[in-house]
């Protein structure tokens, strides 16, 4: 690919900058593709955890979350994030249409931001499975991609209020709270507004388990997500090389990229182990979906601070994030009586909060009071905003009678009522599925 | 990995060339792997869209398309492409066995070309599902990989006739027409030669819908394809860095790589939206497979010119490519009465043509008459060659009685008759599936 | 991303080292992620090849193999490998806790080693499907990750006895024997210790075929594995650039990376072709699972020497590795009467041995007697150690009555007895599956 040259090569400043930029762009593109692939993971994880009569509906929502969401984030959301960052963070210049005119390198940055945004968006679909109208879900997704999530990134990564709170700023390396916590809280709020699926609870308040239709698809989705998560976390160490103000080329985020990779791996592993152990304690058996979702909760737990976690800190936060999963899932199901179908709150919400709050205690260096204050502030503000915004949107949809499908459509399944298709036309008998045992 | 040195480092020309070559090789290898992974996407997409009695047949064809095809492309196809490029493009030197002796960097280039070739090859299998003999399909695949597709790349990317047609040359950045359009046209031609599946049409000419066995696998395949497509399109911006004739290191195709990534993303999104909107218009519901295939059609539509598309141009071509899908599918099914099982013509064929023809109108810079002429010439020549070559091969197979399985084998399913296996031995009852509603 | 600088850039030694290290780290991370993704491939391949009543068990084992195994490899295994390498290889310094204190670049290297280790570990689960107790499997996995596999890498890649045997050392580029051969031998030994599944053999010694529940998942797994295998083989060419002792920057392993990619591709293709041909010869039909597993056997076959294989050598070893699959599978099933459920020995074991032994004959350069001796020594020592260690562990478990589930639990399926779940609650009738035809 490179031939012989007669002219001697002397690297000028511009050439060195081109090499550094090329390497950094290469890395950011690769990890962006990996994070995009997490949509396949979410699609399979959620499809596996819903009834067969609602699978196509879940898949359609996943396809449209990406398609509609990324378009909205291009046209509106990226600008809103920049505006909120500027207004709440000191007032630099911003552009509401910066994504449209970004140019080549800017579009890479935009897409890198967009795949994080769409991760937050798609989490919600797992919580509202089986009874939300497609138009209600899409309306919420449009608002999430255009405003609700961009406000969160505006307050944080775009330099807004939380970026310097308590003097040290809210630390959330790859979005344990900003992306996953936000998505999990939004999902719980939406599921609460919607109410549970029919027959999910008995008249006496006891809960019925409605098992998903395929553990195989759910575990496939889990492993696809774990693969993409290496892009998500390790890729957030986005600068392979950097050029200092003094003009020196050195490793950028890649000076600590190995720590990010190690911490992500150990927390993921301990998440699965923690959920397995808790499952064994509770029932004497190792529930497959707890293992899978525990692995994901371990990943969520470390996502706020893989850049600073000690190796034992990564193991501890993973163990806690996995171990809390069965407990929080039971609390949401039996106490709050919220029907969070795919367990998105225990996996993304509470695990995301846990990780953000654990950061000051499990990182290299001394424990700092300012950091504790900043982390509490970040978790509280993001949670508060997300609950209020989500409840408002679904409240309006409810008032308009557009939130939930009819009981007839819910019993028949959303695949037929909303999409006119059967996911498995050769395998289903067309009858309504009976709900099995109570728990 | 890098220790301390006593000898001062001075970058010589050879060292700078090594760095540039290493970075470029790294990128090309990564995107090649991504494009290879599209085979998993095609396998799942097609498997999901066929009856359960034909799934193993479809999967076997996918495995063998890659295996036999890439071997033929190594031994013969790459040389044919180079020969055709030379003969029709001005007559430089070429080698029919260049792939065998390419050497390390040359083998990377060969493999990069091979994964594009195999994409074209595998598209055809979706159109001929459920009734082609395995030996017929494999014969065609061998000829496609050895001759039919290499003629197309010879005429274009290898510098042949179309590379300079109308003074400006046929513009097809990543193979919207060369790969996808060619594959879609070949599939339609093959399906036409084979005739429809039994019971696909009634005596009065009306069509029966024969739904595939799993929308879940089809959507999984869609998302795997979209992931791989980032390699396909963005990876075609293959040179991270380049060294100019004057010996200056600068960004190569990476100077516009962000545009490619942005345009690919927006067209994909608008493809899903366009197909959803058309589905809503036609039936009042959002058909899941139209959304999935629309997303892919949007990707096909932009593949000819993500390097030059404006952001709104990418959105327009995606919307059109998605929107035309239900219309063209209906036209092929009801007017042409061709049984294109997996809709490969509307997804790859017509969307590929659309994108190639839209290039002059939706790109940065002024609209050029020469470009319009070149695009029309490219689409016409590639279509013509593909139809003639494909029809000839299947015509000979038909004359030899080797094209299509017997009606008994078709009813029983190709899994048993051609492969001696059942895909889902625990779930099928062994009876022939009944064909449901007519449309 | 890179701004303007007033200070002229002059690349110092440290800066050049940073650039080389950044590029190399980038590549190693990407391929590590690809190799990790092979777990999704193994999970799907194995899930597809077991009965539906045992799918969740298989998936849980896959999730826990990674989670528990990688933790053990971090805490213990990496240190054991280093210790064994030092003690048997000449006695340099080593640390039993080196992984804990490795630092950023060291953690990347550790994770790169860990994904190879976990590949060896997960192969075993396919052989012991359907009757091993979860606690027995996990006990073995812990010992494999902490000791059994690290001894093998200690003897080889870590510089131990086999690294210099016969003067030239055992050549195994990416682990055809060290990883796959070892895993396949371990699987066969474990399956032999466990005994066959109930009703797998009749009283007269004839075998019953117990087909897996989904060829679709099995083929999906195959293609995911092939995708990850590019990381496995091509990624073992781990240094894009290197700095020589004289301080010269040049291509490192990337000077032959194209050969690795070409050889991997051709051997994979010929593996599928070889198994297809043998299947046709034996039964007159092309068995889908033979094609899929043949493709994998071709990959295993080349893994020991893609760095040195001639193009025709890669084709030959792939053809042999694919062709031996049906023969060795039949030998294990009918002669040895070992119930290797997912055919891990013919795919990973015998194909791995074949490739390691074929290296001296199918590589560039002259055939060397020393190399033949070294390869035989390596295959023999790794096989011997693996058989003894595996048989010992399962022997102890058997003596403790902890090896195998009860016949009642086996009939009911391990999903319910060990995990309390049903994989497909809507599709199974709860009855025990009947075992079909005998072969």
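All chains are identified by letter, namely A, B and C, in their written order; residue positions are counted from 1 within each chain.
Here is the rule we go by: a contact is a pair of C-beta atoms (placed from the backbone, for glycine too) under 8 Å apart; a residue touches a chain by one contact, two chains touch by 3 or more.
These numbers come from a predicted model, not from an experiment.
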item: Relative orientation of copies subunit A and subunit C, as a Cα rotation angle in degrees, nearest 5; value: 120
item: Same or different residue numbers at the subunit A/subunit B copy interface, by half rule; value: different
item: Between subunit B and subunit A, distance of the C-alpha-averaged centres to the nearest whole Å; value: 32
item: For subunit C, residues contacting two or more additional chains; value: 11-12, 19, 21, 23, 25-26, 30, 105, 214, 220, 427
item: Parts of subunit C lying in touch with subunit B, wherever the complex brings them together; value: 11-13, 16-17, 19-21, 23-27, 30, 34, 51-52, 105, 211, 213-216, 219-220, 222-224, 226-227, 230-231, 234, 239-241, 243, 245-251, 254-259, 261-262, 265-266, 268-273, 276, 283, 285-289, 291-292, 295, 311, 315, 427-428, 433, 436
item: Residue ranges of subunit C touching subunit A (in the complex, touch as defined); value: 1-2, 5-9, 11-12, 14-15, 18-19, 21-23, 25-26, 29-30, 32-33, 36-37, 39-40, 43-44, 47, 55-57, 59-60, 62-64, 66-68, 70-71, 74, 100, 102-108, 110-111, 114, 134, 214, 217, 220, 415, 418-427
